[in-house]
Amino acid sequence: MKLITAVIKPHRLDDVKNALQAYGVHGLTVTEASGYGRQRGHTEVYRGAEYQVDLVPKVRVEVVADDDDAEELLEVIVKAARTGKIGDGKAWVVPVESVVRVRTGERGPEAL
Amino acid sequence: MKLITAVIKPHRLDDVKNALQAYGVHGLTVTEASGYGRQRGHTEVYRGAEYQVDLVPKVRVEVVADDDDAEELLEVIVKAARTGKIGDGKAWVVPVESVVRVRTGERGPEAL
Amino acid sequence: MKLITAVIKPHRLDDVKNALQAYGVHGLTVTEASGYGRQRGHTEVYRGAEYQVDLVPKVRVEVVADDDDAEELLEVIVKAARTGKIGDGKAWVVPVESVVRVRTGERGPEAL
Amino acid sequence: MDTGNTAFVLVSSALVLLMTPGLAFFYGGMVRAKSVLNMLMMNFICIAVVTVLWVLYGWSVAFGNANDAPDGSSVWGGFKQWALHDISMMDGQYLTTGVPTIAVVAFQLMFAIITPALISGAIADRAKFTAWTLFVAVWSTIVYFPVAHWVFSPNGYINAKLHVMDFAGGTAVHINAGAAALALALVLGKRVAWRKDPMRPHNVPFVMLGAGLLWFGWFGFNAGSALAANGAGSMVFINTQAATAAAVIGWLVVEKIRDGHFTTLGAASGAVAGLVAITPACASVSPLGSLAIGLIAGAVCALAISLKYKLGFDDSLDVVGVHLVGGIVGTLLIGLFATKEMVGTVYTNGAEAGLFYGGGVTQLGRQAAGAGIVLVYSFVVAFALGFVIDKVMGFRVSEDDEVTGVDQVEHAETAYDFATMGGSLRPAGAGVATAAPASPAATETKVDA
Amino acid sequence: MDTGNTAFVLVSSALVLLMTPGLAFFYGGMVRAKSVLNMLMMNFICIAVVTVLWVLYGWSVAFGNANDAPDGSSVWGGFKQWALHDISMMDGQYLTTGVPTIAVVAFQLMFAIITPALISGAIADRAKFTAWTLFVAVWSTIVYFPVAHWVFSPNGYINAKLHVMDFAGGTAVHINAGAAALALALVLGKRVAWRKDPMRPHNVPFVMLGAGLLWFGWFGFNAGSALAANGAGSMVFINTQAATAAAVIGWLVVEKIRDGHFTTLGAASGAVAGLVAITPACASVSPLGSLAIGLIAGAVCALAISLKYKLGFDDSLDVVGVHLVGGIVGTLLIGLFATKEMVGTVYTNGAEAGLFYGGGVTQLGRQAAGAGIVLVYSFVVAFALGFVIDKVMGFRVSEDDEVTGVDQVEHAETAYDFATMGGSLRPAGAGVATAAPASPAATETKVDA
Amino acid sequence: MDTGNTAFVLVSSALVLLMTPGLAFFYGGMVRAKSVLNMLMMNFICIAVVTVLWVLYGWSVAFGNANDAPDGSSVWGGFKQWALHDISMMDGQYLTTGVPTIAVVAFQLMFAIITPALISGAIADRAKFTAWTLFVAVWSTIVYFPVAHWVFSPNGYINAKLHVMDFAGGTAVHINAGAAALALALVLGKRVAWRKDPMRPHNVPFVMLGAGLLWFGWFGFNAGSALAANGAGSMVFINTQAATAAAVIGWLVVEKIRDGHFTTLGAASGAVAGLVAITPACASVSPLGSLAIGLIAGAVCALAISLKYKLGFDDSLDVVGVHLVGGIVGTLLIGLFATKEMVGTVYTNGAEAGLFYGGGVTQLGRQAAGAGIVLVYSFVVAFALGFVIDKVMGFRVSEDDEVTGVDQVEHAETAYDFATMGGSLRPAGAGVATAAPASPAATETKVDA
């Protein structure tokens, strides 16, 4: 099993979700995140004092997938999340040793 | 070392924490998350416009554990988080290559 | 490739970011988290009822790095995050199988 | 007609109206984020429902025969002035301060609104909105309207026959609402996981905002009850301020001793306790007496709120501890602190000075009688009414719905969406379902939280 | 001079001033978190800009010749009283209720402030702040000031010649603002991803807070318009309350039937709809009539807000559905519900009772004419003005900026920072750039959200 | 007795009371989320403590001999009216407008409350609550009460002998508080990581809410100071509005030029700056003069707030830049803009018109003298008092506690809990410790943030 983690722009989440669903993946977990990278933040001014906010809002999507699907899923996610502009984010794949569905205790692919 | 990640229902967090503590694990990290899966979201209505909210609040628990404990800990978490109803979540295990305690620089099992 | 995850005190984030940048790493992803460990929480009182809050605010930093850099980076992060007081947090390293830059589809080290 | 007094009564009416949104925030800040909207709605609906009833028949039942001035055995005002019939705007004044009756209709309406609203705090997080609305309508009709007559109408029997002093509603408003709150807390029962899960205030600044608006509006409530911008109204004003300030201190000191901290919630609660206690007393006592009443009320209420844990009822936001107890404290202390000068100037209903000012215990006894009558009447009727509503339509949402949150379940809304600027997490997962058929999903919804 | 009436008018002025912050929160709670500050600012700037214009020439244009009392063909007040010239504080009273003219200047100013502020809801999330400010200044000058003269000045032609009854601004304020809102919604066009992305209220309690403050302040708006704390002012007060309460019920019932829930946003919206509808009518009808008008207005507006989806214009916060429609409902229903007694006592402009009270359809026709004139005039001028501003300087931020959020882009601020206690996430990534040169980064900023 | 004027003063008192919660939100929105409750409490406790002192002896010290009318060399009012002794509600009026003395007691109390509350902004995030409370009690007693006598009492020496015009408290309130704020900022020192960590406002809408409530209440503050609802009161009202509006524009223009944006915080700050500056001047100048004063004050204060960075003191929320500077600007500009007509009608203390209205520089000199005396007296006493308190009990929390947050440490509370609907993160990790023994954990708590 693999864990795909993608850090993407928040407004792409809907498309990623739809693309995954179209592909047949019906589960994912999302966390709010902030990213630091090439994409610059912005400046705010409060009573003349400038604040440089250099973390940019991102969304972090996790999908646990079968070994066979992982590569293809990665492509699906990346394609759906892409806007072509700087700051589109990263996605990476990590090996997973076991997965359990909490409700039933099922293991492995059945757990998804 | 292993990293156990569990995505569970928010109101089970307390029980999971207690179960882990009873087992002898005294550290964990929690993140607020939203889940998408079999469990459906809900509909909201604002001035006649319906909003389908299909992400469900979850909590994401991470525990780094000794190789030997990992399997048992996974069971402990899963059992404590279970309500038996749809949406109880997933838990998975990932291999960890090294762990450090930031305060001391200790490595490996001593770092926990 | 490796994924370094560090759970640190929130007010150390700036230093960690600067240290990483000084080292030459220009990207990272941050999530708000809560930690449970040796460091104790605090007690709140509302109309005479005491609430024991035992989760402590933390920040979770993720950096994907080249295999060669990982160890050194881990040290950089740990050093920058250290205050020497209890609750400084943990950092761990997980193997990564592939990384993609969403914008371009680049893989591996070029994706960072 | 006196335009100064009329201006004062009209502005006071507006101030008292504002107290209900103030109360909504005071309460709303104290509940969890998943039921703040329901709390706001339980208060807001009182404004809507009670206003309509008041115009249709409430005023008439409470004050319809106030100018007829019988000898004090009147128990209700009749239906003669239904729909404010016969009260034209040219109409003669109400009583003697040159204020048109129709202005007093507006002023007294605001009291009728906030009284049931006060009750809502006892059943936070778990009431069905329709059941609550029904309760408000019926309870107002058979409890508040008559009780207001007994206490506030110049010919009401608690006022005229029992010679009770209740200037602005210690009995009619606070004991009345507090007793009903206790009844409903018992009828509905404890919240899921009460005393197990933490149920801390989700927005303490809102509690403070509510307390601020309440304090502000309460000047209309108390001073406005003089129906005149004169020396008496002014004295009531300063007494209100003095007692409230002292009550903040009283509550905070108890807290510091008991819990080790001066809390924000305690300051806000102390203020409300002081306002409650001085409400009946504000025209009977001196500023020094007001300080004493406030100090006592703040301390006593701070102690009283723990009772629910001992006795085991879930009066969620301490309506009993603050309004019932505070109302009783204020009503009874009149029997001790009422001064000859104040009573002589303000009251014509035969009331006497208090024990500390040479009046003996007579007045204390009367005050206790008045408090007791309202307490028992309100509690019994509210309990019976709540019980019937619960049996017939259910007064409480299901356990699952309560865990999910009444806002979502009862109102199909959630209070906040602070998702990150420039893109939002939660709603990003949502879509305007006017296009997509959202209903099937909606019915599958109620699985669990 | 009558100190009671003057006190009433001054306090009412303060109450009406408070309505604009109230409106800001009513609107601000409804937008997304990324544009709440801009919404607050669009309202706040109306206070600043309109006040200055009003002092300089606005009062003069609207009411400068009010005491000259010609025969009703007056279309503007001239510049004679520019900079409140010649209105000393000793000056004679305005009209007949013993209120100094300078007090009425303050009172009417508050109306001039809130009217353009109402418009802002239609263009939430996407307007350039400078363009909006310019629009407010010009629209006030060429639309609001003259229209206020037509409707409110004793010699204004809608008032004196057309015999229209608009007590506190159904036409001058609500139809006027609603029509301009429609025009601007058309000029600016739909928000990015309208009907695709969810655009739910980010802070529903703020909406309720706004509704509460509006309700409170509206007593000053309506009752204060009597310029007297007398029977008429009191009747207006109770009518305002009755209609608003009934409108809450009207809106909630429609919602329950259509959507299945009683919503908080619906209750707040219903209240505003009721307040809007009773504004012109509050001194022409009985309390029962007010209940009817409120009920109808609540229900009609609840239905009207869906029109924008059918007709395809993005009136973001339903200014058209609530203010234009509510204003028309109230203005027309006067033609049905105006009673002989009220009209006879309050109006001296030749207005007649409504159809249901023996007055025939004459008055209904006049009301329709008044409404129509203001609607068309305001719409046409606002559209043209908006169009010109858009061509010259752009009325709308860029698409990227809109997605990022107007708060950040237009005001260099974000509304909230709740980052965890004892250390903050977002700002931890920030640094006070008075030391570091932040400007270059600032210019590189606008990449994407 | 005049019921109209009395109604006006009583309602104004309520309005001024509301200013303190308004100020609490204005300030509270500006601090970080971890200290908002402490900020609210520092303000709220002023209401409680000062009210009690005022009733006991404050009124007497400030105004106890006001009706005795000596020749203007009076430096305090004595203790004759302690506990409001001898001021019955039937009592004669205060001065000549037919308002009962007891109403003025209430009105002036509200000024005494908000003045120390203003100071709190300078020491946000780091003061010990008990030390602050002690400071408020002592500073009020030895600074505010006497200074109010000097400036406001008809026989006070700044008023009667120096012929200074300070209608509603430019010196007594704003310069007074601003100077004390500077003193305390120096005594307490800079916040941990000042100018390193970002310390941006955590809730800008709250700042706006506070500004709105302040603006609203300020009409009571200024116009109410006329103690009469007459032409003068009305003129004060419109002047207040004019200056505030102009100040918003003044501040925003400076900001736009300097920082490139019109900010929400700037608009709110400009409004307060304008209100401050017009406070002493509102009864001496024309509406045009008010526009000028507002514009100048807005611009000057916008520039003044940067001084703290240059001079290196951490006046956290710019009490000095807004209240001290704004108060000085307003007090001095009277010397330029005071008109003959206004001065002649309103003042009987021998004040003269300003330089621009044919009065020469005499009045300017007097104004400067009045400002200087209050500034120096308040600064010196506040500094000494703060210093002593700091030595004796510590005025500041520990560094660790400051990083953790004063809310948690001083009040055992946190402001918000928005944790996800249907299950909460933070409190899920908590448990009601009435069962479990929470105390040991509580003592181990203070490790680090």
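Lettered A, B, C, D, E and F in written order, each chain numbered from 1.
The working rule: a residue touches a chain if its C-beta (ideal position, glycine included) is under 8 Å from a C-beta of that chain, and two chains touch if they have at least 3 such contacts.
Fair warning: this is a prediction, and the values are worked out from it, not measured in the lab.
Participant: Please identify each chain that touches chain C as well as chain E.
Facilitator: Per touch definition, common to chain C and chain E: A, B, D, F.
Participant: From chain C, what is the lowest number of touch steps before chain F is reached?
Facilitator: Steps on the shortest route: 1.
Participant: Report, in whole Å, the distance between the mean C-alpha point of chain A and the mean C-alpha point of chain B.
Facilitator: Distance between chain centres: 17 Å.
Participant: How many angstrom lie between the CA centroids of chain D and chain F, rounded to a whole number?
Facilitator: 32
Participant: Roughly how far is chain B from chain D, centre to centre by C-alpha average, rounded to an integer in Å?
Facilitator: Those two chain centres are 44 Å apart.
Participant: For chain B, jot down the residues that touch at least 2 other chains.
Facilitator: Where chain B meets two or more other chains at a single residue, that happens at 9-11, 17, 30-32, 34, 36, 44-46, 49-51, 55, 57, 83, 85-87, 94-95.
Participant: Return the residues of chain F touching two or more other chains; collapse runs of consecutive numbers into ranges.
Facilitator: 2-5, 7-8, 11, 197-198, 200-201, 203, 209, 259-261, 263, 265, 309, 403-404, 407-408, 412-414, 416, 418-419, 421-425, 427-432, 434, 449, in rising order.
Participant: Which part of chain D faces chain C closely enough to touch in the complex?
Facilitator: Listed in rising order, the residues of chain D that touch chain C are 198, 200-201, 255, 258-261, 263, 265-266, 269, 302, 305-306, 309, 318.
Participant: In the complex, go through chain D and note every residue touching chain B.
Facilitator: The touching residues are 197, 403-404, 408, 412-414, 425-427, 429-434, 436, 438-439, 441-442, 444-445, 447-449.
Participant: For chain A, which residues count as touching chain C in their complex?
Facilitator: Where chain A meets chain C, its residues are 2, 6-8, 31-38, 55, 58, 60, 71, 74, 78, 81-95.
Participant: Which residues of chain A touch chain E in the complex?
Facilitator: Within the complex, chain A contacts chain E at residues 9-11, 34, 36, 39-46, 49-55, 57, 83, 85-87.
Participant: Within the complex, which stretch of chain B touches chain E?
Facilitator: Within the complex, chain B contacts chain E at residues 44-51.
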